[in-house]
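Starting off with a structure, shown below.
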Amino acid sequence: MEIKLLYYLVPSLVMFCCGLYGFLTRKNMIAMLISLELMLNAVDINFTVVNRYLFPGSQEGMIFTLFAIAIAAAETALAIAIIINLYRVTKKVDIDEAKQLKG
Amino acid sequence: MEILYAIVALAIIIFSVLTVTTRKILRSATYLLFTLFAAAIVYFMMDYEFLGAVQIAVYAGGIVVLFVFSILLTTHPGSNSEKLANRHVWWGILAAVATAAVTGWALLSRCADLFSSKPEMADYTMQDLGNAMLSTGHGGYLLPFEAVSVLLLACIIGAVVVARKR
Amino acid sequence: MEPTIPILILCLPLLGFLVLGLLGPKMSHKAAGWYGILSMGATMVLAYITACTYFFSGAPEFIEGGVRLQHVVFNQDWLNFYKELTIRIGFLLDPISALLLVVITTISFCVHLYSLGYMEGEKGFQRYYAFLQLFSFSMLGLVVATNIFQMYIFWELVGASSYLLIGFYYQRPSAVSASKKAFIVTRFADLGFLIGILILSYFTGTFNFTDFTGTVLANGSSVNDLVTPLNVVASFGGATFMGCSLLTWALVLIFMGGMGKSAMLPLHIWLPDAMEGPTPVSALIHAATMVVAGVYLVARLFPLYLMEEAALTFITVVGAITAFYAAVVACTQIDIKRVLAFSTISQIAFMMVSLGVARPEIHEGLGYMASMFHLFTHAMFKALLFLGAGALIHAVHSNDYTAMGGLRKYMPVTHITFLIGCLAIAGIPPFSGFFSKDEILSACYENSFVWGAWMSMVAGLTAFYMFRLYYLIFWWDEPDYGHHKPHDAPWMMSLPLIFLALVSCCCGFLHFGKFVTWNGEPYDIHINWTGVAIPSIIIAVLAIALATVMYRKKNDLPAKFAKASCGLWTAAHNRFYWDEIYLFITHKIIFNGICRPIAWFDRHIIDGTMDGLAWCAQRLSVTIRPLQSGNVHSYVYVYLFGALLLGGVTAAVVLL
Amino acid sequence: MFSNPLIYFVVIPVIMLLGIYLCRNMAQIRAVAVTGSLALLALSVWLLVDYLGLRAAGADAPMLYRGDWTWFSALNIQLSVGVDGISIAMLLLSSIILLTGSFASWKINPLPKEFFLWLILLSIGVFGFFISIDLFTMFMFYEVALIPMYLLIGIWGTGRKEYSAMKLTLMLMGGSAFLMLSIIGIYYNGVPEGVERTFNLLQIAQYDAIPHDWQCFLFPMAFVGFGVLGAMFPFHTWSPDGHACAPTAVSMLHAGVLMKLGGYGCFRVAIYLMPYAANELAWIFLILTGISVVYGAFSACVQTDLKYINAYSSVSHCGLVLFAILMLNTTAMTGAIMQMLSHGLMTALFFALIGMIYGRTHTRDIREMGGLMKIMPFLAVCYMIAGFASLGLPGLSGFVAEMTIFVGSFENTNTLNRVFTIIACCSIVITAVYILRVVGKLLLGPVYDKHHEELTDATWWERTSTVTLILCVAAIGCFPNFFANLIRTTFSPEIFKVLGM
C-alpha cells in the first residue's frame, strides 16, 4: 500500500484538534503551553508533508518549519519565564490568575 | 515503510490524545515528548533528516526539558491538576470537532492532491541548506535568518529580565 | 471752489477731538475749554465763509440761470466695492448743506462757549470738550456727504458721539441706561437705513446723491447714466415685494433710519431719556442738530421720495401722529428738560409733515422750503430754550419745575431770553417761529384740509405747553430757595443766550425762499394772512391765554383739570406707556423669550449633543471593555468562532 | 531653499524655540519672545512692501515667492510655499498678535519657559499653514497648530480647563478627520488621467479635474472640516468653553489667528478647488452660517462671563466670515477677509483686555464688577474702543468689513441669499445690545466692589500690547481701500473659477 499525502494529514489533524481541545479546557498554564506545542507541531508536519509531496523541487515548507521550530523554542522559553515569574507572585499557575497585566 | 507509518500515525494520535486528557501534568509533558518524537520520525520519512534532528534536539532535548523543569518548579509532586468542569470539556470537544469538521472539509475539497503519491526528490544536503540560509535573492533566507537570530537574542534577554529575582 | 476751506471745516474738529482726547488729561480745564472754543470758532468762521461763497458769490459752479446747483468740492475714494459702488468721503455743497453748516457751527460754537461756564469744575471737562468736537466733526461730515454711504458712516459716528455725551456722567446708572437706550434704538433704526441703502444701491448701482436726485453737476455731466430720478425708478424695473414696489420699500426703510434719529413715533423713546446728558449737549445734539438729521435725510433724497407718493404719505402720517402725541405728552411733564424734549419731537414732526405734504405742483414745493426754514429757526430757538433751561438748572440744581417758580425776579436775562424762545415756538409774530410755522401750515392746507387743521391744533397745543412751562418756572409760586438765591449765569453762559435770542427775533424776516428750495429755483414767500396766518395767531393767542389763566398764579385749576380728564392726564404723564411697552418687548420677549432660550439651547441641546457623543463613546468603550477581559480562553473561543464562521461561510459559498 | 523669504516664517520661530530652550530666567524668555516676534513682524511688513512692489511691477501670477522642495517623493508631497495678498495679510495679522500675545503673557506663571515653547510651536503651525500651498504640508501645519492648544489650555488655563481642553481638541480633531478625508479625496481625483498625482493647490486648481460627484462629496467634508475651526453652527461649542478656560495669550492667538485658519481654509481649499460643488451646495452652509451669525449674537446677550460673551461674539463674527465666503462674489469674499483681519485684531484686543481685567479683579463675572472706568481708565477706554470696533463703528475695522460683506452679499440676486443677508444685518443691532450691556455694566456706573478701588491701571507692557492692536484696528478702519485692494486681486474670476459661474 502506498502512503498517500492524506495519510499524514489525518494524524496531524487529530493532533491539532487535541491541541485545541487541551488549550481550551486546561487552566494550568503549562498544560496550555503543552497543548500549544501540539498544535504547532501539527502545523509543522503539514508544512513538511505538503512540501515533500506536492512541491518536491523547492524547500520552502521545510525551511519554514525550521524557523517555526526556532521561534517556538524562543516563545516557549519566554512563556515559561513569565509563568515562573507569575508563580512567584501568585503561587499558582492558573490562567485565571493572569487576567491583569500587572503584578 | 507502511508498518513504520502505521506505528507513527498511531503514536501521534494516541499520544496527543493522552497529552491532553491526562490529569497529571508531568505525564502530559512525557506524552508530548513521545508525540514530538513521532513527528521527528515523520520528518525522517520525508527525507528531511536535518529537520528531524532539529526536532529532536530542540523540541525533545530543549523544550520538553524546559517544561519538565518548570513543572517541577511550580507544582507539588504527585498533585493532580484540577478537575475539569464538565461544561468546559464539552465546549472543548465541540470546538475541536467543529474545527476537525471544517478543516476536514477543506481537505476533502482538494481530494485530487490528497491522494498523490510521494515523488522522488533530489538529495537535499546540508550544504544546500546552509547556502539557502546565508544567501539573498530567490531561495535565500538571510533576512529571516537574521531576524530569527535577533528574536532569539531578544528572547534570551527577555527571559532573563522577566525571570530574574527582584 | 478750492477744497482747502472745506477740508479744514472737517479736519479742525477732528483734530480737536484727537488733541483733547489724547492730550486732554494733561491740559488744564481752562486750556482745554479755550482750545475747544477757538477750534470751533475757527470752524464756524470757515463755515460762514463757505456758505456765503455758495449763496452770494454767484460763481457759475454754484448758480446757473438763477438755479442753485449742487457742487461737489472734493470726493475722495474711501472704499471701493464693485463697479461704480464706491464709498467716497467728499464735500457736497448745495443749499441745504450750506444752511446746515451754518446752523451746526453756530449752535456748536454757542454750546462750546456756554459749557465753559456750565461745566466749570466738572470731572472729565477735557473729555467733554473732546466729545463735543467729535460730535461736531461727525455732524459736519453728515451734512456734507456726497453719497448715501458717507452719510451712513457719519450717521453712525453721530450716534456714537451722542452715546458718549449722554453717558457723560458715567457713574450715574440712569445716564448709562439712557445712553444705551439711545444708541440701541437708533441702531435698530439704522438697520432699516442700511437695508434701504442696500436695496437702493443694488438697483441703481450707485451711492451718489447727485445720481439719485438727478441734479446736473456743475460741469454738466453725471457719474452715471442715471441723471434723473425717473431713471432710478426705471432701474428697479417694477420689482415688487409684498404688494409695494421695492423702491417704496427702500425709501421707507431709509426713512426708518430718519425716524430713529429724529425720534418719530415708535422710535421716539430714547430722546426724553437722552436728557440725562449735560444740558448744553441736549441743546446741541438733542434739539438743534442731530435730531434733525432724519429731516435732512428725507430732504436730501426728496426728489426720489417724490417718485413714490406712498412713501411721502407714510412720512406725513408718521409725522402728524408724532407731532400730536408729543405735544400732548409735553403738556403733562414735570421735568423741564423733558417738556423741551417732547416739544422737540413735536417740532421735528412738523418738519417731517411739511416734507411729507410737499409736492412740486403745490407752490413750487413750498413744504420743502418750509421744512428747512423751520429746521433753521427751530434750531435757534430750541437751542435758546435748552440753554436757558440749563441756566435755570444751574441756578436751582434741579430739573423739575416744582423746584422753580417766581424766578423772573432773580434771573432777568434768562427770563427775557426764555420768553423770546417761547414766543418764537408758539408762533407769535414777529418772532422767527411764526414765519416758518406759517409756511408749514400753508403747505399742509394746500395739500389737504385735514392735515392743515390737524397741524393747527398741534400748533395750538405747542403754544399752550410752552407757556405752561414758562409760567410754572417764572411765575406761579415761589418755593423756599434758602440762603443761596438763584442768580443769572456768568457772561459766557448769558452771551450765547442773548445771541440766540436776537437771532430768534429777527431771522424770520429772511427771504428763505431765495436760498433753499427743492429744485434750487428761487421762490418768493407770500404770507397767506387771511387763510392761514391770522387764524393760527388767534389759536396761539387763545392757547397762551388759557395757559395764563391756569398757571400764572398758584391755584388748583390744573389739579382739577387733571382729575377731570379721566385718566388721560395720567396716561400722558406716563407718556402713554411707551416705555413700558418697550420694556416688555425687550425684556420679556427678546431677552427672556429669545436670548435665554437660545443660550439654553446652546448649552443644553447643541453642547449636550456634543457631550452626548462623548458620553456615547465612553459608554461604548465601557460596554466592550469586558470583551478584553484578559481571559485567554474567551479570546480563543471568539477567535475560533470567527475562524470557523469564515470556514463555514466559505464552505457554504463553495457548496451552494 | 533659504533664499526664499517665506521659509523664514518657519525658521525664525524654530530659532526662537531653541533660544527659549536655552533661556534661564524670565527676562531672557521675554527678550527672546519679543525679539523673535518683532523679527517676524518686520519680515511680514517687508514682505507686504515687496509684494506690492512686485505687483506694481506687473507680476500677475496668482501666487508670488513660489518655491517647492520635495520631502516625500513617493506620494509627491512637497513643501510648496507661495503667498498672495490674503496670505500676506494673514501673516501680518499673525505676527502682530504673536507680538501682542507675548506682551500679554509678560508675567505668565507657572512654567514660563514651557508656556512660550508651546506658544511658539503653535505659531509655527499658523505661519506654516499660511505660507504653504501644498495640501499635505498645509494639513501638517494645521495639526501642529492644534496640538499645543491642548497643553496650553490644560496646563495654564483656568476653571474647567481639562474638560475644555479635551473638548476643544477632540472637536477640532474630529474636524480634521473630515479634512484629511477630503484632502485624500482631492489627491486621488485632482489630476487628469496619466498625470502624476499632486497635493499642490495651484496645480489641482489648474487641472480642475475633480469629477462633479466627487466634488459634491468632498466639498462638504472640507467645508465642515475647516468650518469646525471657524466655529460654524452647530460645531461651535468648543469655542465658548475653550476660550473661557484658556490663558490670555492663547485666547488671543486662538480667536485671533487660529479661528481664521478655518475661514482661510474654506476658501483656499474647499471653494478654490471645488468650484462646481461650491456653487451647488453653498446654500446649505449659507443657512448654517447665517444661523450662526444671529445665534451667536443672541447667545452673547445673556452671558455673564466676559470670556463667554466674547466667545459667542466670535461665533457670530466668524460666522459672518464664512457667510460672506459662501456668497461667492468678489465683494463679499473681500469683505470676508477683511472681517477676518478685523475680527482677529479686535478679538485679540478683547481677550487681552479681559485677561488684564481678570488679572486684577480675579473675576470675569460682569455681575461682580462695575465702574471700572473710574478705577482703571486706560483699560476701560481700550475696552470701549474694542467694543465700538466690534459693533461696527465707522473709523474702526469692524464697520468696513461688515459693510463690504453686506453690500457684497446683497449683490447676489438669489432670494435665499438676500433673505439671509438681511437676517445677518440684524446682527449689527444685537451686537450693539450685548456690547453696550457689557460696557454699561462693567465699565460705567458706580463702582460695584469697594475692594476694586485700590486696583492699578495698565502697566507699560499692557499698554504696548493694547495700543498696538488699537492702532491696527484704526488703520484698517480708516484706510480700508488699501487692504481691500490687497485682497481683491485674489478673488478675480480668472483665479477663482466659481466667481465666473
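Which chain is which? They are A, B, C and D, in the order written, and residues in each are numbered from 1.
In the analysis below, a contact is a pair of C-beta atoms (placed from the backbone, for glycine too) under 8 Å apart; a residue touches a chain by one contact, two chains touch by 3 or more.
All values derive from a computational prediction rather than experimental measurement.
Enquirer: How many hops, at fewest, get you from subunit B to subunit D via touching chains?
Expert: Shortest path length, in steps: 2.
Enquirer: Most remote chain relative to subunit C, going by C-alpha centroids?
Expert: Here the answer is chain B, farthest from subunit C.
Enquirer: Can you give the whole-Å distance between the Cα centres of subunit B and subunit C?
Expert: Chain centroid spacing, subunit B to subunit C, equals 99 Å.
Enquirer: Once you find the CA centre of subunit C and the CA centre of subunit D, what distance in Å lies between them?
Expert: Between these chains, centre-to-centre, one finds 37 Å.
Enquirer: Measuring from the mean C-alpha position of subunit A to the mean C-alpha position of subunit D, what distance in angstrom results?
Expert: 61
Enquirer: What's the distance between the Cα centroids of subunit A and subunit C, rounded to whole Å?
Expert: 94
Enquirer: Enumerate the residues of subunit C that touch no fewer than two other chains.
Expert: As it turns out, subunit C has residues touching two or more other chains at 637, 640.
Enquirer: Do you know which subunit D residues sit against two or more other chains?
Expert: There are none in subunit D.
Enquirer: Give me the residue numbers in subunit A that touch at least two other chains, ranges are fine.
Expert: 20, 24
Enquirer: Go ahead and list every pair of chains that touch.
Expert: According to the stated criterion, the contacting chain pairs are A-B, A-C, B-C, C-D.
Enquirer: If we count contacts the way the header does, which residues on subunit C are in touch with subunit A in the complex?
Expert: Interface residues on subunit C, with respect to subunit A: 629-633, 636-637, 640.
Enquirer: Touching residues of subunit D toward subunit C in the complex: what are they?
Expert: Within the complex, subunit D touches subunit C at residues 167, 170-171, 233-234, 236-238, 241, 295, 298-299, 301-303, 329-331, 371, 373-374, 388, 391-395, 399-400, 403-404, 406-408, 410-411, 421-422, 425-426, 428-429, 432-433, 436-437, 440, 443-447, 480-481, 484-485.
Enquirer: Per the contact definition, I'd like the list of subunit A residues that touch subunit B in the complex.
Expert: 1-22, 24-28, 30-31, 33-35, 37-38, 41, 44-45, 48-49, 52-54, 56-59, 62-63, 65-67, 69-78, 80-85, 87, 93-94
Enquirer: Using the touch rule from the top, collect the residues of subunit A that touch subunit C in their complex.
Expert: Touch list, subunit A to subunit C: 20, 23-24, 32, 95-96, 98-101.
Enquirer: In the complex, go through subunit C and note every residue touching subunit D.
Expert: Interface residues on the subunit C side: 77-82, 85, 87, 149, 153-154, 156-157, 160, 163, 167, 170-173, 176-177, 179-180, 183-184, 187-188, 190-191, 194-195, 198-199, 201-202, 591, 594-596, 598-599, 602, 606-607, 609-611, 614.
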